[in-house]
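Just below is one structure, and these are the notes that go with it.
Note that the chains are named A, B, C, D and E in the order they appear, and that numbering of residues resets to 1 at the start of each chain.
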């Protein structure tokens, strides 16, 4: 086996804090990045972009966001859909109010606005814990969706309350609007996903991350050893919402192009992102990607197999798809309750020991 | 005190078991022991030696911790019990008092005790009688019978856990670290109760203990576990006189007990591990 | 072959409705394939793709099917329609959304690729008010009308029109939103019970419809004064309520029931040979008829396009031309075996919405069927046209489209 | 005792003035009075033991000191100032660190990260700097890591640095907890039964660590322990509690011969 | 008049609350016994109601699948089954379901964290939703087990005579209230005063310890899930009668969540009181404030109301005190 950490010695504490301590991992990672940036954009078609990769990247961002809150800081939230809506409506208002400003700035600002809203709805977390908090965040979910549905200012007084993303460009390339090419969509999402994943990784390995994890693992003890729960929890809400807001902004402006609060950002979205992080692995950036991939790809795959290959009626296929995904979720949880990320880590651990277990 | 006499009937036999957690972590590397009926057998050893794991392997509680017995055999009265679920084992008369007490926090003390009688089918009257019996062993519990277990002190919880086990009318109790965190007086008291229950009700005990001193005073026979292996065993009296045991487990040197202030080096090597 | 993808939904909250529509849509094309060997000799394929009324799945379905030479889309969802409008404009594929979708798409100058004849939401609202005017001798002054609507883009569509109409005719309008799915409507109906409006209009979908009709029956609101939109008037909506639903009215833009000659062919070529979608269990129901009607219009547009292009193997752009030159006269309808089934549909480059005519049907609970109670009625274009212009121009400005034609 | 100047212990260590003074503390939970009007002080550099039967209120006392429980009555004086109502994390910032009776490590984190949490209050890089892992954040991380490595060496837990604490055996967990408390460089270290569940050998190690901390860093230590051997050998002065009351206070020898203490706690005179 | 109308709204709110409580009860039971937040409760209600209709109407289960696989057209056995008997059969099927869930899911997840179990129930919900549709079809089904519906004339005339304004109360709601009261009484008695009830609470506190005293998790879970299945059936009957049996029935779970939160996840009486407060609160809010802000406030208001309560009592009104010690 090539998979060895032997020979990989660290000579400074800085090196020791690296994201991929094993050299082979690091190379693998660079290779994936190279393919993602240098190969995929040239071969991608609009099906792969719109049905698979773009939603995957966007959900991965949302999943990282929720993972920061739930996986790292231990605050279970079911308000993700609502926060994504904040991002979407913020970017819409910004795009239509200040057409001259670059879209990237709008998207980041939308994240910032969502962060503020997230902090607001995070306040109850200081008293409410566990599932009570999860259910309490539903208040955010329902209230926000209602608000965007009810107040015409948010959707620029359009007749139906739908919002549409106008065309915006980066360096002359359209990234939103109908003229956007598949690779442009993919690239902007990829850049955001990679940068944000890196930021998330930095935050979680530093002192903020440790505060979050301390609060997660044992909040009382954390407070007694000097973690201020107020700032720790609220910063988790802020950072998480920032990510989720960006995901919402991208979902609306780049991916869907049009959206309506209750349909695109309903409670199902909150659940979906939560599934992703649990299936992928709580408290793991890699897990966020894995979970997003699993839940975006699996249904598409199943649908293609059942309908296109077996020729089943679509409704039957849809019902059976539901059964299969449900059963697979349970199956994965039984095999490894800590998600795909842990499964991966365990596999690596076994590889490392191979061929001499114990 | 009597010798661990081979003439006594063997109640429990553990034969060369191996336990693996999470499919990768090997914790017990071939542990064998036998527990005679009516005796108090002590399982001694440092942290992480595998005492708890051994007890859980016997009571079949490993599954919920993602551990499994991969080799060896466990038999109770000559019958293999590895495949039984914990409930059937309790019905057969083997019950475990877990490390860290594990009382049902939200149930009152009395309700906790009553759950101990869950597997019994001999009627309310008998259960009520045993409740009184438990209260007579642990008068403190009677005072606190109506309070939620979560709010009682460590000692009370330990008593509650033991009382709960007694409520199942067991033949054998697996007792995991009964003295942990208890005041000296209570430690004595708990062990006195163990002795009383052992003599009065004829219950067999297998107890895992760190407090070697006390354990060897009350036990009849002892096993010493180190990193998942039995490294020494013998009658309690003999163990107490063993110089290694004296030095490493009883903290005695040739000059009697040595002061904790005087310990100088952190690392000493065990002769048998050398 | 000609490919007409069927973005259907047979699962999810609205599956019960979507499944009937999809059946009608499929069966008509099957009929054409079986009986006539397709259109102009070309067989029609209707690859189905399940959207579950979910916008993201809708996008996935669109992307999955568009590569195979898809000619036109009909997603039966306002949300998905909004999603697809920019995409079809970029990909140059027509989108046909009869009775749903974006109302202002009627303006072909702005929405080159979207068609929504014969009638849209605003037409419906206006026809309903016209009917009430009729009932009241042309005067609705001082009357109270309540609108119970699905609290979503779809449900909000008629509000502006109704507000305009209330200004014009002097009735007062109360808006009562119901959050989807809409199983709890106690507050709304208690308010109706107290306010005693003269009429209640409903823009509902899915379980909301039947709950509303049930609640109306519970408070003994006179069913004759309760009018649903196109999408609140199918068997699924009234049957669960039983006798209480008797007399309930709803808008429609096509005929109902089995009394059309086409069903003889349908039986012979599709149902009896076992080729019907899902075994043909919903043949003749309102939503089935509507799905079939959508297929009829698309088929006619295809035929027209073939005629214009001079080839049977048309592409999507040619189909757009077919739509814009479409004229389904009453005679043609009768020829198709559907006499008086729908209004005349005539579309042009600037009018993608046809005449906007609709009619009313009423539920007879004891007979268990809908019957038509009015003729096709023209909506109040005077009110609607400016609204459509305003909305479509706003869109054109936002999306940077310069009007054509 | 009101003397402000220190005293010298039998083995020649110099003990300073009063560092923390608890005056007339009373703590109630609903109907239960866990602490009844207790006063005692802790002097600079001292090892102060608190003993008493189970449920006497010892842990509650530590919780009061850490600010987790707010006493209904009484005052806490620290370094000569009266401490107002404070949140636990504010108390921690005063230089009061502790370990817990039922190990309160952060199970999801590695040993190293656990110990690093002890230094959180010394890491002040703004969040954006951490997000970019640049400038102050990275510098701080490395600096603090060096300090933590010293503690790791000191407690001899180098080989488990990267292990998740959940997997560690009990004794090591206790040691890691101590490391985390030490990482905060506290003025006072509160230890709640640091040696429970250990065998003699491990206790000996733990004692050594405690003595060394006290010696090398001059850290004041308050210690709850049930092993009388340990208490008698280590501590300079002992407070004895029973049912929330103070029944004894003095040197180990004084306490050992106090008849009330013997009957309430020791059971028999200890050796 | 305004006042009378407000009281009418209030009364109806209380009634609606009872309907929410019926769903909430199922959650509480399972949460109490296994610390599992059973997301699938709503789908279980749907599944039970579908099965009930299917049995009553003599539908062939999996007809759609059979037809697709073998190219046949089966749909019905051609018989009908009387309501009460069908309810009995459905209850048995729910027990079977409970056994299957225990064997296939719960057993393998003993001792896992709550969020993992929660997730598993979501997987279960998806599975059951698909299964229900495959088994019985996704069409809207009419459920009629003979429960009366519509305005109660007795109440109307009575209030009219007394107050001069006839109150609207749905007869179905009155039935729901009676049934809910009976259910709650039975369940409270069960959990507080019986051996199995005590064992159930013990399991909720500590799986390991429960195992160690010989409580069979398997038995407790099957029992609890069966009861929850029965409660789901009751909820399914009430809601199915009200608005037909179809997909949306599973979404009533969302109405039960704020009820749970407010009443406390572990309290059976809490489920009722929570339901009443939520029902009343949301209807009154919609009446007084809703009209000013454009209506449709009910969904979020229920949650916000619950949230406000929680800020003052983090474990809900009747929830067990969260024991916080170090």
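To be clear about the criterion, a residue touches a chain if its C-beta (ideal position, glycine included) is under 8 Å from a C-beta of that chain, and two chains touch if they have at least 3 such contacts.
Here's who's who by UniProt: A = Amino acid/amide ABC transporter membrane protein 2 (HAAT family); B = Amino acid/amide ABC transporter ATP-binding protein 2 (HAAT family); D = Amino acid/amide ABC transporter ATP-binding protein 1 (HAAT family); E = Amino acid/amide ABC transporter membrane protein 1 (HAAT family).
Everything numeric in this text was worked out from a predicted model, so none of it was measured.
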- Message: Spelling it out: a chain qualifies if it touches chain B and also touches chain C; which chains qualify?
- Response: A, E
- Task: State the smallest step count from chain A to chain D, taking one step as a move to a touching chain.
- Result: 1
- Between A-E and B-D, more contacting C-beta pairs sit at A-E
- Message: Report the inter-centroid distance (CA atoms only) between chain D and chain E in whole Å.
- Response: 50
- Calculate how many whole Å lie between the centre of chain B and the centre of chain E, each centre taken as the average of the chain's C-alpha atoms. 44
- Item | CA centroid of chain C to CA centroid of chain E, Å | 36
- Message: If a residue has to touch 2 or more other chains to count, which residues of chain C qualify?
- Response: 10-11, 15, 19, 151, 179
- Mind pulling the chain E residues that touch 2 or more other chains? 133, 138, 294, 296, 299, 326
- Item | Interface hub residues of chain B, defined as touching at least two other chains | 151
- Task: Write out the stretch or stretches of chain E touching chain A in their complex.
- Result: 37, 64-65, 68, 104-105, 108-109, 112-116, 118-120, 122-131, 133-134, 138, 254, 257-258, 260-261, 265, 293-294, 296-297, 299-300, 303-304, 306-307, 310-311, 314-316, 322, 324, 326
- chain A partner contacts - residues on chain B that touch it in the complex: 22, 24, 26
- Task: Using the touch definition up top, name the residues of chain D that touch chain A in the complex.
- Result: 66-68, 87-89, 91-93, 97-98, 100, 104-109, 113, 116-118, 120-121, 123, 125, 127, 130-133, 137-138, 140-142, 145-146, 149, 180-181, 184
- Note on the structure: Counting only contacts in the complex, chain A reaches chain C at residues 45-47, 50-51, 55, 96, 146, 149, 158-162, 164-167, 177-179, 255-260, 262-264, 300, 303, 307, 313-315, 317-319, 322
- In their shared complex, at which residues does chain A touch chain B? 346, 349-350, 353, 357-358
